[in-house]
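Okay, so subunit A shows up in both of these, paired with subunit B first and subunit C after.
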Partner chain A sequence: MAHFEKANSLNEWMDQRLGVNTLQRVLAKEYWIPKDINFLWAMGMVLAITFGILLISGIFLLMYYQPNVDLAFDSVNYTIMQEVGFGWMWRHVHAVAASVVFLIIYIHMFTGIYYGSYKKGRELIWISGMLLFVAFSAEAFSGYMLPWGQMSYWAGMVITNLFSAGSLELNGVVEWIRGDYVPAQAFLDRFFMLHVLLIPVAIMALIGLHFGALRLPHVNNQNGEEIDFEVEAEKYKSGNKAASKVIAFANDFMSKDMFVVAIYLVFFFYLVFWNFDFAMDPVNFDPANGLVTPAHIYPEWYFLWSYEILRPFDKDIGLIAFAFAQVIFVLLPFLDRSPNTVPANRRGLFKFWFWAMLLDMIVLTAMGKLPPQGIFSTIGYVAALVFIGLWIILPFITKLEKKL
Partner chain B sequence: MNQTRRGFMGKAFGAVAGVGAVGALYAMKRSWDPLPSVKAAGFTTIDLSSCTANKLIVEKWRGKPIFVLRKTAEMVAAQNEAQTARDIVIGDDHYLVAIGLCTHLGCIPAYREDKTDFKCACHGGEFDSSGIETLAPPPSPLVIPPFKINGATLVLGEEGPEYSKMKEAGIVA
Partner chain C sequence: MKEFLILAVVVFFSLLTYWLVEPFAHSQMHAHVESEHFAYADLPALEKTGDATRGADTFMAGGCIGCHNVKALGMETGMSAKDSAAAYGVNPPDLSNAGAIYDAKFLAALIKNPAHATVVEHKFNDMRPHPMPGFYGAGGDDIDQEIADIVAYLQSIAVKPEEVTPKMAFEDACGRCHAMRYTKWTQLGEMPNFKHKKDELRFQADVLDYQDSIKAYLGKLPPDLSMYIRSRNEHFLSTFIENPQSQLHGTAMPRVGVTAEGAEKVIKYLEFAGDPKAEMRNEVGKNVMIFMIFFVLFAYLWKRQVWKDLH
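Let's look at the complex of A and B:
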């Protein structure tokens, strides 16, 4: 039995048993954040808060939702929307947050790419972040099945068909995933389970890994400067806060972080209460019908770029291009051969690579929404080729880059 | 002696855990298989005698739409051998019977009576009146479901001799 003194306060009592003061010191009070950052460094907290909002609104939706092919549509569109007090609000909060969370993820990602925040010890932050992107994509897709409208059903049909791997015709795999020949009760039930249990648990675990991977290499800064955190921390702790290049995570940095979050939440709730329609596809207000295909089947806006990489090619090549697009971002720390960790605008050809990639993904997104006809088809095809080409040339142009 | 004992214990533990893990994975895989009741509900009977020529009828089998099209004499006369080989012939009548899902990504193509072909709205693929793809992206013809001819009716889900013959010729999928 370990020796315990009598505690004189609740804090001391907790510290003896849980080491709360050590924990607080390591995770907050003496977790140092560079001063040389901007509002883009708050996107992580914006994402954490948005995930919290999704979790809370999801809990309330879960109490009335019915995962049954005959009841699901009405449980959402009648019970939750019309009967449950403020049910409409939870639904719009959940739908808007599910859409906006991807906007913030993309900003967060491209911020990381621009400032080179995936290099020199920060590789695992990037990799865990991309795993989070995959998990969020699976979460969004499985959630989209639940209202069991036309778009739910047909998106479920098309996406599960991808697992037949084109000409390999692995129909057994597709039927196994669905638990039926077509999306039906077994399909809805298992995607419900994935959406409310397995994937959220995986996301929470990955968020833990993502934060953990950040603690030792620390947050990057606007100039990619290598900071001696011990020296700067000493300056800060000795009271010379003005000369120190760092501030403490809590409460200094958090108070600035939460200010950005507050501005974001104004924008978020503006969308929830006045402009929720963008997150509500009208086609999904028709109940699922296996015998009528909607005229156009398209994913939500955040999947359009990868959908457009699938679409213009033949079936097998399209699938390979699609698979390429899904995994290639994970490899960024290893495909970027340059030793420089500075903003893209100081990195020679990489500067053009960055803006070309960003622009290309916007073009792919726009073309993915338009019907695949005439000039749009051609632009989409070219943009898909550019996407693949940019990734192929990345190791070469970064290898050529001069060391700064 | 101690080392070998520990080594043995480690291997024995690893073996037991490995067998358990494989068993658990197999059980999980089986739990996701289609249920016997889902599989058993897989037979549909279609009466072909009520079909009008060049009018598409859509039936349902295992939750999927089934295209049934009686062809006109002109359509049959204009066909090549590969197209005719996919017809179900009862008396003098030729029928197309196929699963009405585009072989690209599973949308339902629409039948155009004036052009006697199928057009998929999702990605623009086209099939002729025998279900053979004529415009990409679909990589293969519409799938012919297992059938058995029973007088003027068709039982889907059961393999009759005519279906077996098509299957051997490699034209059902």
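Let's look at the complex of A and C:
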């Protein structure tokens, strides 16, 4: 039995039992963040808030949603959208947040790539981040099945078909995933489970890992400066805050974060109330019908680039290219051979590589939605080759970089 | 200032991507159909002025009420909707308010040649005639005058066009083929509240029988329109109602010939069924925005206060 003094305050009582003061020191008051950052450093908080919005709106939707192929469509479009007080609002919030979260993820990712925030001790941050991307993708896909509209059904059909692995024709695997020959009740049930339980739990665990991986290497700064955090922290603590190169996570960093979050929420709610079609595809307001194939089947915008890497090639090569696109970002810290952790504009050829990759992914995204005909088909094919080519040359061009 | 530059870059690439995958992609995926403002320009103009009193006689002599109800005047065929559909393929419309909902030129053309006016000549021919026979005249010298009289008569017995509600327009123009479960509409009318399960099942069995007749007549059961306001946009719906062939070539759906106001009312009713919260969305949205602007303001003040010592 440990020795406990009588506590004189609630704070002391809690501190004895939970070490709240230590926690507060390590995670907030003396969690040092570089001062030389811009608003892109707030994307993590924006993502955390958006995930919170998804979780809360999801809990409300879950109270009325029916995971049954005969009831699902109407439980969403009638019960939730019309009968339940403010059900329509929670659904719009959930759908728009699910789409916008990917915009922020991509901004967050490209910020990391631009500033080299995956290098020298920060590899695990990057890897856990990419695992989060995979988990969010699975969450988005499984959630897209639930309204059981035409796009739910046909996206479910197309994506599960990928697991037949092309010429290997592993149709048994596809049936095993679906629990049936076609997407039906068993399919809807298991994707419902994945969406509301297994994947959210995985996401929360990964967020913990992502935050944890950040604590020791600290956040990067916008000039690639190497900071002696202990020296700078001493300056800060001695009261010389203006001269110190670091700030405290709370409230210094938090207050700036919350300002960015506030502006983001204005944009977010504008989309929720007035411009939501991009996140709620009209085609999915037709109930699932296995006998009618929609004229155009396309994934949500955030999957389009990888869809376009799959589409222009033959079946087997397409699948290999698709698999390549899914995993290659994870390997970025090891493919980038440069010793420099500085913004891309100071890194020679990598500067061009960054903008080429960004533009190529935008081109792929656009071509992934357009009908694969004529010039669009050719552009998509070239853009897919460029994507693969860029990753192949990455180790070589970064190896050439001189140490700054 | 550097932050604004970075923001501009982020906004630029986000908007570029948005424009490519939304407005641009959709313009490439769907053919744009121009509205003709319900002019029915392909149909001949009405040259005669109709006389409603004469039209009443012609209407009776022409045998219209052999198949059509005019319930407003107490004229009924005595056949149930289900039996009518079994006999003709679809229940012939009640003509009480036809004069207020449908375009006069269209009505005249329809009376003369139904398959032509409704643009379903690809479905009907001499071997398989349209269930409504064309009007061959009721004994007068001038068939066009007789038709103009009938149209004038239909207009005289109908409610005023401005008295047509969205619900009436929908039920008259669409409701004999399309169900709309979110407003409890079936092809046999609004689903009543039944006391006994037996009665409910009987009603549902009648609906199924009726649907079988339309299926045989049109090739497939026309879709339930509950969510059409969200699954199709307003422009699509409007041009589709104007002429179904323009966006779905070869469809068995006839052109129904509503006036521009009639089409607007139909779309309004679709909105009532599939998106009744549109107005509330606007209202709540405005309030949320006001809250958010205060939130931005306070967040900014907090940031300034905290960062005062840091610069």
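The rule is simple: the second predicted complex is superposed on the first by the 404 of 404 C-alpha atoms of A that agree within 3 Å, B and C clash if a C-alpha of one lies under 4 Å from a C-alpha of the other, contacts with A are read in each partner's own complex, and residues count from 1 in each chain.
Here is the rule we use: a contact is a pair of C-beta atoms (placed from the backbone, for glycine too) under 8 Å apart; a residue touches a chain by one contact, two chains touch by 3 or more.
As the structure is a computational prediction, the values presented were derived from the model and not from experiment.
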item	value
Fit or clash between subunit C and subunit B when superposed on subunit A	fit
Touching partner for A:Ile263 - first (subunit B), second (subunit C), both, neither	second
Apex subunit A: angle to the C-alpha centres of subunit B and subunit C, given in degrees as a multiple of 10	60
First (subunit B), second (subunit C), both or neither touched by A:Ser9	neither
Broader residue contact with subunit A after superposition on the shared chain, subunit B or subunit C	C
Partner chain(s) touched by A:Asn38 [first = subunit B, second = subunit C, both, neither]	second
Partner chain in contact with A:Asp314 - subunit B first, subunit C second, else both or neither	first
Partner chain in contact with A:His296 - subunit B first, subunit C second, else both or neither	both
Partner chain(s) touched by A:Phe285 [first = subunit B, second = subunit C, both, neither]	second
Minimum Cα separation, subunit C to subunit B, after superposition on A (Å)	12
Contact residues of subunit A, present in both the subunit B and the subunit C interface	295-296
Subunit C-touching residues of subunit A, taken from the complex the two chains share	35, 38-40, 74, 77-78, 81-82, 86, 88-89, 92, 103, 107, 241-242, 247, 251-252, 255-256, 258-259, 261-263, 265-266, 269-270, 272-274, 277-278, 280, 282-287, 295-296, 301, 304, 358, 362, 365-366, 369-371, 376
Subunit A-touching residues of subunit C, taken from the complex the two chains share	2-3, 6-7, 10, 13-14, 16-18, 20-22, 24-25, 28-29, 181-182, 223, 226-227, 230-233, 274, 276-277, 280-282, 284-285, 288-289, 292-293, 295-296, 299-300, 302-303, 305-307, 309-311
Contact set on subunit A toward subunit B in their complex	154, 157-158, 161-162, 166-167, 169, 175-182, 184, 186, 190, 290-293, 295-297, 311, 313-316, 318, 372-373
Residues of subunit B that touch subunit A when the two form their complex	29, 32-35, 38, 42, 58, 60, 62-65, 104-108, 121-124, 136-140, 173
